[in-house]
Structure formats: C-alpha cells, structure tokens
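You will see chain A twice below: alongside chain B first, and alongside chain C after that.
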Partner chain A sequence: MRVGQLSRDTFRTLLTGSGLRVKAGPFNLSIQTRLPHLINQLHQMYAHYSLVNDTEIVEFHVRVISRRSIRRPFARLIQFEVDSRSPFPPVPAEQALATLEWGINLAIAMRINHLLLFHSAAVERNGHVLLLPAWPGSGKTTLCTALIHRDYRLFSDEFGLMDPQSGEFLPLPRLMPLKNQSIGVIRDHFPEAILGPEIPGTLKGTVAHVRPPQESSERADETAKPRWIVFPKWSVGAAVRLEPLPRSEAFLLLASNAFNYEVLGETAFGAVTSLVRNCECRKLVYSDFDSALKALDELTDG
Partner chain B sequence: MGFCFRKEHLALFIFQVVSSDSADRMNTWCSFRFSSLRIENWDGEFTVFQPESGKTHFLNEMGLKILLILDQAPTSLEALCQELSEYFTLSPASAFSGQIAKTLLRYEALGLISRMKENA
Partner chain C sequence: MVDTRADHHRLLLEAIVQPTSLTGYDNRQWELLLRLARRARLSGYLAAKLEKDGLLDDIPMRAANLLRSSLIQARKQQQSVSWELNRVMWALGEHEIPVIVLKGMAYLLQDLPNAPGRMFADLDLLVPKEDLGQIESSLLKKGWRHHALTSYDEHYYREWSHEIPALVHPERNVEVDVHHTLSSPLGKLKINPLPFREAAVKVNDAGVYVLSPEDMVLHCAVNLFQNNELADDLRHLLDFHEMMLFFSSQQPFFQQKLIERANQLGLGNPLFYSLYFSRLLLRSAIPEDLEKQLDRQPGWFAQRVMHHCVPLALLPQHPDHPSRMAGYARVWLYWRSHWLRMPLYRLLPHLAYKFYLSVFPARAETSKQK
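What follows is the complex of A and B.
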C-alpha cells in the first residue's frame, strides 16, 4: 500500500499518533509531526512511498516538532529529531520539509555502515547504474532531475548505496532538493516535474523538492550493477565534453567522497577497486541539459 | 617524492622538491609489514591499503619501488638513492637525496617503514 492511497484523515492520524511508517529504499522510517503544513506537504510529496508493515523493523524514528525560543518568543520554530536527538538547531517552521529531508539524509549518512555510501547521484538505464559522484554545489541533483524526466530510473540524487559484497547498487528514491536557480531551470525544461513548495531562507538558499517519479518508487526494490561512473561539472558557457577519466583518479575521487570509506576499511578498498575496474569512467563538463543528456544517452545506449 | 593529502584517509604521493637534507644518514630503513599491504596497480599508479592504520595511500611508481627495495633488505638512504637512480635511469642530482629522505620520514610517520640503527 502507498501513502497516496491513504485518506488525508488517516494520513494525519498516523503522523500525529504512532507515526507514519514508510519505506525509503532499503530502510524503514517512522515519521511523526503535528505541523499542519508539513502534513499537507508530505501527503502530496510522499504519495508514491510504500507503507511499512507493522511487523517490520524501523531503522529511523524521526519527528518534527514545534519549538519555542526564549530569545525569539514570537518566532514559529521547529526542530528535527531522530531517535529523540536533535542534530540541528531550531529553524523557522516554513523550513520543516527541507529540515526533515536533510535530517533523514544525515541519519542515513551517520548510521549506515553495512553499505558503502558514495556521495553521488545514481540512475539506471538499460539495466545498469550510472553513478554521478560530485561534491555539493556541482549540480548533481539538477542533472539527476533532468535524467529521471528522460526515462532514467532514479536510484538517488544523494547516495550511491553499494552492497560491498555483491557489488549491487540499491535504490533510495527520495525527494530531491533543487536549490535557487535550479528550481526555475527545471520548471522551464521539465514542466511535468512535480515540485513541492519553494522554501526560502535555508542554509542553502531557496529549496524546492522534486517528487520521485512513480515508477522509480514502485521499483525501489530492484537493485542493479553499476556500469558507468561520470563525474559531472556544470560550467557556464562550456561546450559539452564527456572525456575518459583515468581509473586511478576515479578511485581517488570516489573513495574520498564516500561517507563511510574509512569506517569500512579494507572492505571499502576492495569494493571501490572492483567498482572502478568494472565501470567506464568519464568526466562530464556541460552548460546545457540537452547536450549533456545527449552525451549521456550515447554513453548508456545498448 | 612527497605527499599531498586529498582527504584524511587518502595520501597522494607526488614529486616535490625539498631543500632540507633531513635524512639521518646513519640509519638504515626497512619496510614494516609490507606483506600485509593490499596493493592495486592502475597503469603505473598504485593504491595501497594499509590494514594497520585503515588508510589508503596513493603511490606513483617510485613511491612503490621504495617500499619494494626496503622489503628486500634494510637499506641506507645512500644505497636506496643509488638503486632508484639506476632503476629509473636518473641523472645524479643533489636534490634527489633530499626528496627521498623526506619521503622516508613520511613513510615512517605513516608506519609503512621503520629505521634501524647501524651497528658500525
């Protein structure tokens, strides 16, 4: 059963009561909140998320609660909690959705060590995963959003989840936070994209989340082997270039941007070695989507 | 030969000129638990996983050759420079010994090699 099949009343009852239990890729979440605007936003944005059976274990218990501040008595503030701990200071109530999503990301990044977590977008085409590892601010979420609206299947805009034993990648299709100018770019290029409200004033500027396509959510249990690793870089006015990248450099870049490479030690070393040896490694420089998508289509054809 | 850190756990070894003659020429050097290292060759560059520290090092060909020589037998700085010069067909250069000395100190700090005092 999916969130969108719940009546709004039932949905609200779960969130304000025992918790809304939903799947996020290989993880289960329980979410609680009493904030009316957040409840409304989640009902729309989580519509394709699968519900978790009562018998299944939930890895993360998160909630977003109202907060009062002595220093700012009239401010409407909220706080994110994971397992009753608050990793972030209170923020304005309007930022509840963004804070919830970042909080869930943080919980995954800090706690998951049975999988190797690359800081990377990941999409699937023709049965294989295309990894797009990049540092924050390089436009990977924007590029990932473009790809999933051109028939690539979303794995994640943030985490490349690799099972180090099997080498398989696991989907984690969640909301994708577009920032600032990217919001307008995506609205212009992909009017069919479903975006949440624009949330101004966050640490990353104005944020609007993209809802994962229904098919990506429905196929969230389908893992795939990686075949291409492309390091993208958006550069104003640049002609598109998709060039081979030495595998040694790909190793360095991948290992250094994994969240838990050092924690996993030799397991991670072996996994990254295997990944790089078995994938085509490229770097992509681009300034416009159409040429970048064409180059990636050609790479991933067949 | 020196080091450039890409991130805490990744050391990138690159050539760099150093002026200090920091080698203790009375020492000989030997590799430390070389057999435990996991080494992958990437067309002449090498990733080396060191189980003792859990760190991954990135070596060029000369960086690895130093470890290989020191794994064969304890070697002085002078003999090491001589063997490297012959292997890589390098012209004698005064800065070379300083570069290698710096690398040995760095390797020692990383626990990849250790020094042995000469008896004589």
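What follows is the complex of A and C.
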C-alpha cells in the first residue's frame, strides 16, 4: 500500500501518533510530527512511498517537533530528532520539510556501513546504473532531475549505495532538493515535474523538492550493476563535451568523496577498484540540458 | 520499584547476558532492542558477540545490517585510536616518558572480552604530574592542538580537573586526554595516583603500560560511581562485569586481591556499588557477600536510594515512552556526581555558569581564546 492511498485523516493520525512507517529503498523509516503544514506537504510529496508492514523492522525513527527558545520567545521554531537526539539546532518552522530530508540523509550517512555510500547521484537506463558523482559545481541534483524526467529511473540524487560484496547498486528514491536558480531552470524545462513548496532562507539558500516519479518508487527494490561513471560540470556557455577520464582519477574522486570510504577501509578499496575497472569513466562539461541529455543518451544507448 | 522490570530493560539486559537468546527475538523486539542498544552505545558489542558465535546470519537481515554497520564503525574507531597511540609514542619518543593507557584502548591492548565491538573515540592516558608540561609541549610541537576553549573552561581544566584540556591532531581528529590522576583533585574522594602507577603493567618496549588487573577494575568502578553522571552508562558497568569474570577466571584469588586493593586505596564505596549493580543488573557470578568485606561501604540509606535510582539512569529510557521517574533519578545522579567532584562553593557557581551558557551559547564565543 502507498501513502497516496491513505485518507488525509488516517495519514495525520499516523504522523501524530505511533509514526508513519514508510520504505526508503533498502531502509525503513518511521516519521512523527504534529506540524500541520509538514503533514500537508508530506501527504503530497510522499504519495508514492510504500507503507511498511507493522511487523517489519524500522531502522530510522525520526521526528520533527516544534520548539520554544528562551532567547527567541516569539519565533516559531522546529527541531529534527533521530531516536530523540537532535543533530541540528532549531530552525524556523517553514524549513521543516528540508530539515527532515537532510536529517534522514545525515542519519543514513552516520549509521550505515554495510553498504558503501558514495556521494553521488545514480540513475538507471537499459538495466545499468549511471553514476553522477558530486564534485564542486557539478549540479548533480539538477542533472539527475532532468534525467528522471527523460525516462531514466531514479536511484538517488545523493547516495550511490553499493553492496561491496555483490557490486550491485541499490535504489534509494527520495525527494530531491533543488537549490536556488535550479528551481526555475527545472520548472522551465520540465513543467511536468512535481515540486514542493519553495523554502527560502535555509543554509543552502532557497530549496524546493522534486517528487520522485511513481515508477522509480515502485521499482525501488530492483537493484542494478553500474556501467557508467560521469563526472558532470556545468560551465556557462560551454559546448557539450563528454571526454574519457583516466580510471585512476575516477578512483580518487569517488573514494575521497564517499561518506564511509575510510570506515570500510580495505573493503572500500576493493569495491572502488572493481567499480572503476568495470565502468566507463567520463567527464561531462555542459551548459544546456538538451545537448547534455543527448550526449548521455548516446553513452547509455549501447 | 527498580525499573529492571520494565519490559524494554529486560529486553536489553537479556540480550547482553544471553546473546544466543537473540535468535528467538521477533521483529518488534528487534526494532526496540536496536534502538536501546544504540542509545546505550552497545550495538557494536552485541554485534561482536553474535559474530563470534556465528549467529549474525540467523537474525533478521535488517537487524544484522545495522549491527554489522556498528561493528565496522567500532573497528574503525579502534584502529584510529590504536594509531593515535602509536603517533603519541612517536611524538614522545626521545623523552622516554612511560605512559599508562586507560579505558577503551587499554582493554583493546589487553585483548579483554569487552574490547571487541566496543565503541570509543578517545585515547586516555595517565602520566606523572611532573611530566605533564613536557608531554603537552612535545605534542603541541608535533602538531596536536587544543580545542578552542573558553577562558572559563581553560581555568576549569588547569585548576580543578584531573586532566589537561584535550589534545587533537587536526589530520586525525582523535581526542587525546592526558590525565595526571584518576578523579577530580577537588573531590571528596582523594585518589593518590602513585600506587596505580607503581603497579602498572608493561605492554611493550615502547614505554606503553596499562593498569594492573585489580587497578583497571577499580578505575572502572571509580569512573562509574565517582566521575560519571551514570545516565545511559550501562556499557561501563558491562566493562566492569566482563573484567570481573575474565580476571576471576584467570587468577584464582583475584576477587580477594581486588577487595584488599580497594581497602588499601580507600576505594570501597565505588567498588561496593559496582559489585552490587553488576550482580543486580547483569547477574554477574560474584559471591553474594563479597562487597561486605570492604572497609568502606555506603550507608544503609544511601544504598536504598541508589538501589532505586541507579538502574533508572544506567539503563536507557524507552525511546517512545520516557519515564518521568527515570528523569528525576538522572537529575539527582547528575547532582550527586558533581557534588562528589566539587565542594558546594565551587559547584553552585559552576552549574550556574553552565546553565547560563545553555541559554546563551553565543556568550561563550566572546570569551574564546586563541
């Protein structure tokens, strides 16, 4: 059963009571909140998320609560909690959705070590995974949003989850936070994209979340092998270029940017080595979507 | 009533005392247990036990994944702290200052049964007070730095604490805590570090020592019932329990020697409580009346109060239904730990200042030193 099939009342009862138990790729979440605006936003944005059976184990218990501050008695503040611990200071109530999403990311990054967590967007086409690792100026979330509205299946815009034993990648389709100018760019190019409210004033500026397409959510259990690693760089006015990248360089960029490479040590070294050996590694410079999408289509056609 | 009867406490304690019983847990019990174990920082310990018994594949996959994740993290922490010790010994090399390693890293060096999967991020060292200046300047010269401290904190450490402000090498971020004694010099219980240093056991030729078995157990007891605030501190009681079992099985008269050592050093009170609660909560196989041989024992009334309060603080709260009683018990034990560490005329201004900072954290910034 999916969140969208719940009546708004049932949905509210779960969030304000024992917790809304939903699946996020390989993990299960329990979410509690009493904030009316967050409940409304989640009802729309989480519509395709599957509900978790009551007898399954939930790994992450998160909560967004309203907070009062002695210093700012009249401000409406909220706080994110995971297992009753608050990793962030309170923020204005309007930022509840963004804080919840970042909080869940943080909890995953802090706790999960049985998988290798690359800081990378990942999408699937023709049965194989295309990794778009984060590096400064990459705009991975924006490019990822563009791809999933052109029939690529969303794995994640933030985490490349790799099982170091099997080499398989695991989907983790969740909301994707567009930042600042990217919001307008996506609205212009992909009017069909479903965006959440624009949330101004966060640490990363204005944020609006993209809802993952229904198909990506429904197929969240289908893992796939990686085949392409493309390091994107958006550069104003640049003609599109998709160039080979030496494997050694790809290795360093991936390893130094992974969330838990050091924690996994030798396991991670082995996993990244076989990853770059088995993938085509490219560097993509682009300024407009259409030509970038065309280049990526050609790469992933074969 | 003692809250060991609360279902969630029984669930956690049973898992620790009898890890093989975990294969019979249903998913709901697992979900709660995983949350409690994380709060108590015991998930790495549980994972190590299950792995040793080859049971990690016999439990639900989601539980196994989380436990494996914790174990991987614990191993990484242990590797980092081991390497930090290596670097500290390198930095001190030419001065040949003997260093006694305490707590987590000492358990690891001695391969004690509580070491596998144990989470710890700091390296704790005990050195002679007269060598403190030399050690601090050697480490600072080789790249370690103090965290930015407020002038108040700096003063607190230098004048009233049993350690100097933590040193951290910016490339590795492992905290090195250098102690010159084992509890606050202002505290009611005066501990002379000299007998501890004299009995220390050499680990290797690089000048690394650990406390003798009796002293290691006593230090654990002192930390629990003298230095710490006890909230969510079950893992330290578990250290005590595991070490008691291990050393008792290694040396026939260990328990007798431990009592004698505690009497000699005047550490009856903390050892009394550790023996008592380790038997009460972890069912340690310790003779019923062992602690009755201690010269110093807490009074009848203190024992009753502690009997009710300590389990409520040591054991984690139910994550969805925190108990108010446990909240009160924790506040009281917080006060107790400070009361034991400082005379009232120091304690009240200290707590008032900490409260002030909790309301106005920005004020701490303004007094920050370079």
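By our rule, the second predicted complex is superposed on the first by the 300 of 302 C-alpha atoms of A that agree within 3 Å, B and C clash if a C-alpha of one lies under 4 Å from a C-alpha of the other, contacts with A are read in each partner's own complex, and residues count from 1 in each chain.
The rule is short, and it goes like this: a residue touches a chain if its C-beta (ideal position, glycine included) is under 8 Å from a C-beta of that chain, and two chains touch if they have at least 3 such contacts.
The model shown is predicted, which means the values in this text are computed figures rather than measured ones.
Considered on the superposed chain A, chain B and chain C are sterically compatible, since they fit side by side. Residue contacts after overlaying the shared chain place A:273 against chain B, while chain C stays out of touching range. Look at A:255: by the touch rule set out above, it reaches chain B but stays clear of chain C.
When both complexes are overlaid on chain A, the residue A:1 reaches neither chain B nor chain C.
Judged by the touch definition given at the top, the superposed model places A:247 against chain B, while chain C stays out of reach. By the touch criterion defined above, A:56 lies against chain C but remains apart from chain B after alignment on the C-alpha atoms of chain A. Using the contact criterion defined above for the overlaid structures, shared-chain residue A:265 touches chain B and also reaches chain C.
Ranked by how many residues of chain A each touches, chain B and chain C are led by C. Put simply, the three-chain overlay gives an angle of 60° at chain A, taking C-alpha centres for chain B and chain C and rounding to the nearest 10.
Contacts of A:111 after superposition: chain C is touched, whereas chain B is not reached.
In the superposition on chain A, A:28 makes contact with chain C only, while chain B stays out of contact range. Chain B and chain C never share a C-alpha pair closer than 7 Å once the two structures are laid over each other. Residues 262, 265 of chain A are contacted both by chain B in one complex and by chain C in the other. Note for the complex: chain A touches chain C at residues 18, 28, 55-59, 61, 70-71, 83-84, 111-114, 262-265.
Within the complex, the chain A residues that touch chain B are 246-248, 251-252, 255-256, 261-262, 265-266, 269-270, 273. Those residues of chain C lying in contact with chain A across their complex are 26-28, 30-31, 34-35, 38-39, 60, 62-63, 65-66, 68-70, 72-73, 76, 79, 319-320, 322, 359-360. Those residues of chain B whose C-beta lies close enough to touch chain A in the complex are 6-10, 12, 38, 40, 42-43, 45, 47, 49, 51, 54-56, 58.
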